[in-house]
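What follows is one structure encoded as structure tokens, with my remarks underneath.
Per-chain residue numbering starts at 1, and chain names A, B, C and D are given in the order in which the chains are listed.
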Amino acid sequence: MTPRAEGRARFLVAPAAILLAAGLFGVASPGFLSLDNGLSMAGQIWILALLAVGQMFAIAARGFDISVGAVAALSGTLGAMAANAIGLPGLLLAVPVGLACGTVNGWLIGRARFQPIVATLGTLLAVKGLALLVSDDGQVVPLEAAARAAALSFDAVAGLPPLGWAALAAVGLAHVVLRHMLVGRRILMLGSNPEAVALVGAVPWRIEMSAYQLCGAFAGLAGALMTARAGAGLPTEGAGMELQSIAAAVIGGTVLAGGRANVWAVLAGATFVQVVLTGLNLSGVSPFIAQIAVGAVILASGLMDAGLRTLLTRFSRLSPPKGTFR
Amino acid sequence: MSASDDAPSDDTRDDLALVATGIAKVYGATCALRSARLALRRGRVHALLGENGAGKSTLVKILVGAVTPDAGHIALAGAPVAFGSVTQAIRAGIVPIYQHLSLFPELSIHENLSAFALAAGGGLWTGRRLVDPARARGWLKEVGLDVDLAAPLGSLSLGERQLVEVARALSLDCRVLVLDEPTAALNADEADRLFAVVRRLCASGTAALFISHRFDEIEALADEVTVLRDGRTVIDAAPIGRHSREELTHAMLGAGVEAAPARLSERAAPVLVGRGLAAGRHGRGSLDVIVHAGEIVGLAGLIGSGALSLAATLGGAQAGPGELSVGDASFMPGDRRRAAALGIAYVPADRHAEGLFGALSARRNASVSGLGRLARLGWLRARAEAQMVDPLLRRLKLHPALPEAEAATFSGGNQQKLLIARGLAVPGLKAMVLLEPTRGVDVAARGVIHDAIREAAASGVAVLVATSDLDELMVLAHRYLVVREGTLAAELPRSAPRAALLAALSGSAAA
Amino acid sequence: RAAEPVIGVSVPNLGSSFWISVLYGVDTAAKADKAKLVTLSAGGDGNSSQQIAQIQDLIQRKVDAIIVGATNGDAVKAIVERAVAAGIPVIGISSPPNTDKLAAVVSADHYDMGKLQAECLAEAIGGKGEVAMMAGPAGQAWSDLRAQGFRDTLAKVAPNVTIVAESRLADNRNAALTTAEDWIQRFPELSGVYSATDDMAAGVVSALKASGKGTVKVSASNLSPTAQQMLKDGDLACTSIQQIVAQGKAALVQAVAAATKGKVEAKVVTPAVLVTPDNVGSIDLSLVVAPADYRP
Amino acid sequence: MMAKRLPGTSRPLRLSRPPAVALVCLGLFLLCCAFVPRFATFGNIENVLRVASILCVVACGQAVVILLGGIEFSFGASAALASVVTVMALPVLGPVGGLATGGASVIAIGAVNGFLVGRLALPPVIVTLGTLMMASGAAAWLVGGLPIDAPPSAAFSWPARGRVLGVPVPILAALLACAALHLMLAHGRIGRLWYHVGANPVAARLAGLDVTRITTLGYAVAGAFCAVGAIILTSRVASGQPALAPNLPFETIAACAIGGLPLSGGRGRVSQVVFGVLTVAMLNNAVVLINLPVAWQLVLLGLAVLAAVGLQKDWAVLARLARRTDR
């Protein structure tokens, strides 16, 4: 029972952290717990959520992807160009662009056996460069349909802006991919026991590649969202997002050693990070102090996870895990 | 059964299920297989023997399409085949049970049972690839497992996992069943269940390839035997009765069979003492264990009984209730660092996960517990290290004798020797706690390891061996402690007959 | 409206002397006008998404007016228009949101800052020779405009000066120092260096000094204490500034006016000014730069 | 990729085989000499070495963490904090005291990271990300976001600009750092323990090692290397900079990875770090000297990083083949 209990518990860290943070900020700044604020935040979390969900696939396959921010910027920019050429749906070009970047990462890591950090660092630099190339050294690409994009990004329909609903659907899709589709299951298998996947007849590098492809596609989607919210393609955006998305995915219970992940928990992890950011914004502390607080919060969520683990081991002392003696 | 034929090399017989000839495989600088031949017959269990590193697992991987051979031919029911992948082999009816479990700890048992279907082929959805739960439960029942299908595999013990791997093989339509050391992690009872399954399959015409280092199992199950030595077939499909154990051993490596344990003259002072300990999930913190100087205590228990857990506690590796002491010094269960400092060596059961430093050299693997003694002002004296460890490695006949080669590149038996050497190199060694010290280790290496254990005991070290291998227990221990459902069910003298031990283990009749 | 209006201030980056000085102006004026501030920094010039979310939070908090210095004028356009639609007046400052819905624009002309640098540097190097540009990060309005102003003007006033190198990756003092060291090796004939900020200029100056190239002229923008010192020491040919503290003050005044439905001046322009070692003593620093001990 | 010695018992003083990255590094050097204008001048090579030496000192720290199976993202931020602390302490403690205080703060952050990773088994990514945010927030908060200048003094500028027997101090520091790390890894007890913990922490615990202490010490030593780098950087920019070197963690990780250290831990040696660092430094120098537009600089850098690693893979294959034939 222990591993299962621990498995479930680790996915509860992020929701618990959200409640805790919401409570604290609710006391600190009264407006925080209002319905309006809840709705406004519900519109904001999706860029980070999509990046974190993508990151989750890479982490579940025992890797990670530090190029997601740059990929989002490039694909959002190209999406904006496509949207200007053929209308707003052209924004969706961001997804195949992200997928293509993910394919390169996946090929390098899965097939050419690069370490994930090297491969994605290389593509991070190259993709940043490409984004500048296509955009005349970083000039934003204003959307012609900016007004409609803004309406889709900010005007709530039944609680969420339409693009929020779309992103939620994409997260739901990620859940389906992870839980009910072969590719997701194979990613978990690879993360769980990389040596065994070949022995049961799978092709490990293809699985690894698909994990980074998913990661890239979700980064592309995040880029499209970014463009829609800004009403412009932002070629130099995205610095720092790779670390934020890794933090959100890990706070969301994704095991860095691979094999275990839960999309809803990752969504909760991303929400948590956003709650903290917004809460600090609204409480009006100095931006520098806010940054310190964000760091402390990331550490605290790690400590919470550790505390939970200890607690569980305490409780289950009489049934220690048999394979490993902790 | 064996007298029927004396022409094993006749490849044209129509009951031949699978014939592999001239198989060769080179890995970098190592030649795993030179020219191996193997012929399996329908309805027969075929044993494959060979010392650690002889190439058995490599041959298996080639048969099941996981590895492409450099040379050689494989014919399935007379038709030549060349598998590009495991999936193709499985489609052709060759079903593998691997030595190093090909299971996924984080996934559920149900998903693990469906792993072949999940891994192979195109398609989008997992749904229909998950095997029917009712049938899955049937297979689990057949191998004697009563577990929740939705539980993660990681919640099972090593032995239970092995049975899951066997159950998974049952899910496939099987013409040739390939078992690579399936019993290494099983106790006698579970092994019997496995054998029943294999026999039933064979009765319906399946050919089975069975790899094991245990002669009694081979004699109990196999109809024919092939012996590999250094990548070559040296005995080809001989009926099982034709060669004696000595002859087979000789064919494998040219060594003799090991001696029985020396008698313990008189009982010496207690060295390793545990009071109020718990054993596994049933434990209530009421067990006392005492191991005396020079004594080898065998701790026996079925899988899940708590024997390994109790042993781990005694070695300081697992936290729990109770108190432990060596000599005058006491320590808490789980304080492995203090235990090591007090001179208690510990050899874990799962050598890959808990024992080996795969990336480090053999010498560094062996010397890790004695580093304190090798350091002068934080400076490690390389020569002293070699002087401390190399004689041990030589005595344990490490093969190949390359103390500076990475541990990951040694075969299982030799990796195990590294862990034993590490134990022997503990400064001020007073007690050794060994869990499954020869799991998956060939006869020769096993003899070497047993000799080393006996020698240590003879020099006054208190030894506790926890093992699910009754033979091992009987050649090693001076006294048996039997753990059943978390209690010390019986203490038996060295002279106790095998039947009494078995009875105590399973709790069937009065011991 | 409440007696004490709440004014949101959203700036790209409080790690730059420019925005800190803006904020100082806003802050001092707020103390005088009894306004309450909510200050948010996007944490970097490239963090438009973060700034959008922050402005969303300010709308959410129903502040009475918002002062926005944009990471990118186009990127925050949509959200700023939302704020205006929600009845919150928005005042653009320095790099204003690219929309005509603003209640007021307090502008600082980045293009002119580059222009002034070009005129000064061209004169300092005698109208000919090689010049390198420490141009600041790509894709940011302030750095792009300053660089553009420099390039355009230089081509006009000193056609014999060639721009031999341009770095957009070096955006802090250490990186600027390293890049300048490399340039000194690559272009031994270098006679002048443009730098988008005074902090980068400090890096360039220490590289030049360390390699005995003290004769190479350096121009900069902004006037932090570091730049003042460099001017006094003669390390800097000139620096182009805006009266950013004054702008900050003006922005706050406009914001309060807009919040309390008072009279708003739609366009406040404070021209860019060139500071040289000669006139540095006569500049009213209180309009230009925050005191060294100011903490946002 | 580690050198495997033959079974001889005594070990004559013999240089071990150079790592694969050495060839890549050499190739890049020749390429730069041939095609990059003014690359092969004395002054430029000294520049490259000076920049490489700072990177190298910090990369030595990163290497320790990577050996332990971890990763350090907080180096850039703690170096920034160190510079700020140094300059703030300067009026009170003088140049030496100030620099020492700054250095100590980096070591302290490293030790905290190590404790959280070693004792509480938190993922290094999360821990160092957390301390990254905190340190960089603290650095900015202390000085209000702006750099503060240090009063000019010879002692203060010595770490970056001084020379000992004609050798620039940073280069000397890098040599000493490499020597120290080499001694620790190849001959020291602590280095050996790092290898063990990095290779298999569970086995290390069961072998009786104090994993918590070893890990904490490892991160603290890594912090000490970073502290030396931070001191040189602070002295170099002669100011307290809240954004001193934001790319430091990535550049050091890249250097180690290009050098061939697996991020899974337990493997690696100093020469790999050195060549990895040289590769990174030469690349950074070359893109500036070639003077391409920024977009192409980035694309080129990215491709070069990938090529540097990719080429090693091919070279490793060749080396294996060569070894097979000479047996």
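Criterion: a residue touches a chain if its C-beta (ideal position, glycine included) is under 8 Å from a C-beta of that chain, and two chains touch if they have at least 3 such contacts.
Chain labels with UniProt names: A = Ribose transport system permease protein; B = ABC-type sugar transport system ATPase subunit.
Model, not experiment: these values are computed from the prediction.
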(Q) Spelling it out: a chain qualifies if it touches chain A and also touches chain B; which chains qualify? (A) D
Q: Name the chain whose C-alpha centroid is farthest from the C-alpha centroid of chain C.
A: B
(Q) Report the inter-centroid distance (CA atoms only) between chain B and chain C in whole Å. (A) 71
Q: Using mean C-alpha positions as chain centres, tell me how far chain A is from chain C in Å, no decimals.
A: 33
**Q.** Rounded Å distance, chain C centre to chain D centre (Cα mean)
**A.** 34
Q. How many angstrom between the C-alpha centroids of chain D and chain B?
A. 43
Q | Set of chain A residues in contact with two or more other chains | A | 132, 137, 286, 288, 291, 324-325
(Q) I need the residues of chain D touching at least two other chains; which ones are they? (A) 140-141, 145, 202, 206, 293-295, 297-298
Q.
Touching at least two other chains at once: which residues of chain B meet that condition?
A. 317, 348, 353-354
(Q) Applying that definition of touch, give me each pair of chains that meets it. (A) A-B, A-C, A-D, B-D, C-D
**Q.** chain B residues touching chain D - in the complex, by the definition given at the top
**A.** 28-29, 317, 336-337, 339-341, 346, 348, 353-360, 364, 368-369, 371, 374-375, 378-380, 382-383, 386, 390, 401-406, 422, 426
Q. Tell me, which parts of chain A touch chain C in their complex?
A. 31, 36-37, 40, 43-44, 47, 132, 135, 137-140, 142, 146-147, 149-150, 153-154, 226, 229-232, 234-240, 274, 277-278, 281-282, 284, 286-288, 291
Q. Which positions of chain D touch chain C when the two form their complex?
A. 37-38, 41, 43-44, 47, 50-51, 140-141, 144-149, 161, 233, 236-239, 241-246, 284-285, 288-289, 291, 293-295, 297-298
Q | Contacting residues of chain A [partner chain B, same complex] | A | 1-4, 7, 179-186, 188-189, 191-193, 195-203, 255, 259-260, 317-326
Q. For chain C, which residues are in contact with chain D within the complex?
A. 14-17, 20, 138, 164-169, 172-175, 177-179, 181-186, 199, 202-203, 206, 210-211, 224-226, 229, 292-296
